[in-house]
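Notes follow once the structure below has been shown.
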């Protein structure tokens, strides 16, 4: 009984001399795994066009209905997205979002993915509504060629 | 001079405390004023150089007995008490009369010279050593009887509390013991 | 200037110095606890507000403790500056005095702790012998017991006056816990008192003066262990922090307290820790004496009067040093045990107090008395260490008791758990 | 010989008790050896002590251990008194105990309670040694109660056997009756003298002999005190009327019987009488009672022993009978002779018991009808048994002869009232002693074997741990008499024990001389000695005739011819039945009577009073309203009045 | 010191009287119990005063006995109160009049 007690003390004593397992957070950040479901990102193709075609599947599948988007016809001369339509307005309400990742699953174009960003604190509630501009990748971060759809061709 | 002021302060506190024990409406205030009285009486002991008595007074009365009182008051959650019923009023006023009477009488006895005068030249101081020797020689039998009394009290308290346990819940350890067997 | 007046002034100065020193030490004990607990849990610990805030010391940023050394003061400042919230339903008078009643006894214990050997001071041509303790009572240990006995009222009243269920349960738990462990605490000291033949702390230290082998812990291993455990219980430190019990009672008796009043409870807890360590050091670990006594000639050399004003400085410094080291280590032990043991269940607490500690203390008392009677040590007037015979006899008796307690506890555990494993 | 060694004598058995009691489970057989070693240590201290007391320069001394309690008039110290009597007692107590311990190593081997047994033995010996050493009556009483407790534990040792726990309880309860007498005597002494220190009591007794103080010669007080003390002795030493526990106590293991009933516990009574001899001689009435009771006990027990079938029962009644002899000697004022008989008796009776144990161990039978012819299987046991029998029978020049003859002579020569009658009874008892002891021997070891076949097959000599004590004790039974040869051979060195005890018995002797009667001549003593020798030989011859030569027809015819006497002997004078029917039954009847009395008389009165009270209390009931506060009020009123009166009359 | 001897005794008597009156003025048993403790304390004060002034340790010895009795009484009494409270939901002395029957 007393020996058990001493054993316990010995365990904690050993731990004193071990290296801390924690990170010195603001300075040192823990690397997130690739599958981490942080803040959403909207991806592009390698030519810089947005992948989103404004199909609104993500909004449909979203359980707390945190996604709001308004679609607009693409101007073929100065296309914003690769598809026939693009999202003029794309908002995700981050207080509503439950970070389930269904939008990621539902997206047929791999336009929306969840990224490693987890520091999302804000001072105002309105700041938690995330706009397209905040989520879009930089133009040079795109990948892949857009699939040319028939509907996109002039008749 | 300083000691004299202190002494009068303590006397005042003791009387005030004991009065408040009786007057306070809530039991917990009574208990607290009782503690105050006990502590001031302990202080009076210190002024009389009776350090052992002072320490024991605080340890036993304030440290143990009154904690028990508080414990029970909290356990029973006693609030303000209702006034006495009509039937008890004569008892109350007669009690006041007799209480004051007995106080006055004893004070009269004190001043009528029943008590032997103090030896003004520093009376042989009472040390722990003296008390210990006295208890273990001349007062050995009272001492042993007191020990037995304490034992009986402990057993009595346990018995009183125990029946409660048997009727109601059993402790986790007991359950585990039964399961172990 | 009359001698009496000077002595009173010295007295007052001593009070101020000791009180100030210990109060200053409290924040650092908090810091020590936080750092040590962090290390035990393999965390970094406080490292934000450190000396690197001071211009020119920026290079210290992120270094081990140095980085967080101001945390103690920042915490204090935070508590002092916070808004005080008072629930309307509390009993206002009791609610206000409860923190005071908790804090004052914790400080009062310091009055009897000897921090070092006396020093001599020359004031206006007269030599004054100044013991490095506020007072040396004939009934020092009884004073200590009395003060710890009173300390419980703060917690009980805080629990009662808050008028909240959690607080009330915390208070009731505290009073039951105090009553249960007070007895074991007192009885665990009886062995030491028997050895010393006195209640006086100076005498208790005197018999431990000559080296580590004279320390009372060898004569009273059970007494020291019981005192330590009861000290944990009485100061509500972790294995016994049922009155607080964060996970079940919110914060127990101080749920409804905030700001300065909470800070008082907080301080009282750490002051208690300090006082227990100090008393334990004094009673069992040789007080301010070092483990190996220096030869008398060395003392004669370092204790020579300096400038004809003070004498005995050398041994006083050594004494305070050893005292501090021991207290520091004991505080570390407190933290270490907090980092190791989980909280007791309530019935386990009562079980330990009444069925293990109290019988063990009683047996220890009887065994010690018997050994002392057999080895036939006459109680001498001068506080001198005993011969090795008594130490060896008591040590053997103590080890036998330890083994017996161990066997009994193991058997109990086995019986309670059954033979499942 | 310093105090430390004296303390060691009882401390070693205590250590044996503690070691075996606490750690016996782990020590096993080693624990037994430790106990034997402890007891041997005690004996090793006692033997030189005795030698110095006997032949070297020796002055009695006290060893004070600690003050037990001190409160006003009571001041009891735990202390030991070492004088000549103590030395003698220590010698045989420790020696015989050592033999029994050693013997038990063989006898109890393999018993499941081996260590329990040895721890009890250790405690028993500790108590006995405290009893012997104690310098004041309370200390003696501790030992006295201690041996009582241990006898209970040891007799009831085989607790799963049917009779043993009951026998233990019987011993304990019967002893309690005697202890009550002891306590009463002790308290009376304390009330009168304010001290319980034995030496101070004897000092007071010496004053009493001169007619001074509360203990005046022949006074009522001293008579009652001594009678009360003697009641204690009858319980512990199994005299009439409290002797019935001893035969039942044979339910214990045989070494226990040897220890308790031969050498130690039962002799405590004799020891007490001798120790307090200065007090006892002051009460001639008590001395007469002692002598009468002792003679009756000796005769009754001897006659019972003649016909018992169980070998241990024979020895048990023989013990009671021999104890009667010892008390007889004390009763006529020959304390030296009494204690010397205790001394010799302890050797041969221990030898007899151990021999019987050896037989039981070997043959697994203890009924004389089923034994016989064992000599060829176990020669050592047989020879030692024979020697011990010869010694107890009083065959000339053996230890038993010397001591018993001394007693007979003392009785004859004392001139006490009725001494001739006592002497005749004693002589008859001596004859019976020879008969029953040799009857036991012949029926066990000689003649045809009556054992069943398989038991006979297993019969064998016992291991050395059992035979060595037998041989040593038999040796003692032969030579112990040499320590105190009869006075007729001169008053020189060889009258050792009487000389040795001279200082202890001096107060008693002085009193006796002051009230002396005529003395007889040496030639008469020689003649009587010859007579007792003849009696012993005649007894042996009788035993031979009826248990070997004419077995079994002769014995049967004898029984038929003295049918009444045979019945009396066989049914043990109906003592136990008497107790069962009249003491226990009487208590029962008394209880019934009391019930009736209580129901009709007391209750009737009570109901009458209650009726009257209930009538009267109609008026007082108003005061008793059940409220504590009202009671306090009345109490305060009373206090007011009392203090007022004090002030008024001041 | 001298002023303390009659003074303390008078104080003791006054506390005693207050306790005695309190027994009759209060309603719940636990406060009555406290008043009894008050009377004990008054007696203690008297004993210690006389012991110290006359230099006799007997007073302190009696004080010890009183304290012990008070402790025993508190243990049993409070246990009783808890039982009574369990039984009848209050501990008012007026209603504890079973002794009458």
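Per-chain numbering from 1; labels A, B, C, D and E assigned in written order.
FYI, contacts are C-beta pairs under 8 Å (C-beta built on N, C-alpha and C of every residue); 3 or more make two chains touch, one makes a residue touch a chain.
Please read these numbers as outputs of a predicted model, since none were measured by experiment.
Peer 1: Which chains are shared contacts of chain C and chain E?
Peer 2: Chains that touch both chain C and chain E, as defined above, are B.
Peer 1: List the groups of chains still linked by touching once chain C is ignored.
Peer 2: A | B, D, E
Peer 1: Looking at contacts between chains, which pair has the highest count of C-beta pairs?
Peer 2: Chains B-E share more contact pairs than any other pair.
Peer 1: Going by the average position of its CA atoms, which chain sits the greatest distance from chain A?
Peer 2: Using the mean of the C-alpha atoms as each chain's centre, the farthest one from chain A is D.
Peer 1: Which chain's C-alpha centroid is most distant from that of chain C?
Peer 2: D
Peer 1: Can you work out the whole-Å distance between the CA centroids of chain A and chain D?
Peer 2: 103
Peer 1: Based only on mean CA positions, could you tell me how far chain B sits from chain C in angstrom?
Peer 2: Distance between chain centres: 29 Å.
Peer 1: Would you mind pulling out the distance in Å between where the CA atoms of chain D average out and where those of chain E do?
Peer 2: 56
Peer 1: When the centre of a chain is set as the mean of its C-alpha atoms, what distance in Å lies between chain A and chain E?
Peer 2: Measuring from centre to centre gives 76 Å for this pair.
Peer 1: Would you mind listing the residues of chain B that make contact with two or more other chains?
Peer 2: 52, 56, 64, 68, 71, 75, 88, 91, 94-95, 98-99, 102, 106, in rising order.
Peer 1: What's the complete list of touching chain pairs for this entry?
Peer 2: A-C, B-C, B-D, B-E, D-E
Peer 1: Inside the complex, what are the residues of chain E that reach chain D?
Peer 2: 20, 23-24, 32, 93-94, 96-101
Peer 1: Inside the complex, what are the residues of chain C that reach chain B?
Peer 2: 94, 137-139, 142-143, 145-150, 152-153, 156-157, 159-160, 168, 171-172, 175-176, 178-179, 182, 186, 199, 345, 347-348, 351, 415-419
Peer 1: Which residues, counting only chain E, touch chain B once they are in their complex?
Peer 2: Against chain B, chain E makes touches at 1-11, 13-28, 30-31, 33-35, 37-38, 41, 44-45, 48-61, 63-65, 67-76, 78-83, 85-86, 91-92, 94.
Peer 1: Applying the document's contact rule, which stretches of chain C touch chain A when the two form their complex?
Peer 2: Residue list for chain C touching chain A: 36, 38-44, 47, 62, 336-337, 339-341, 402, 405-406, 409-410, 413.
Peer 1: What residues on chain B touch chain E, complex-wise?
Peer 2: 4, 7, 11, 14-15, 18-19, 21-22, 27, 30-31, 34, 37-38, 41, 44-45, 47-50, 52-53, 56-57, 60-61, 64-65, 68-69, 71-73, 75-76, 78, 81-85, 87-88, 91-92, 94-96, 98-100, 102-103, 106-107, 110-111, 115-116, 118-120, 123-126, 130-131, 133-135, 139, 142-143, 146, 149-150, 152-154, 156-157, 160-161, 163-164
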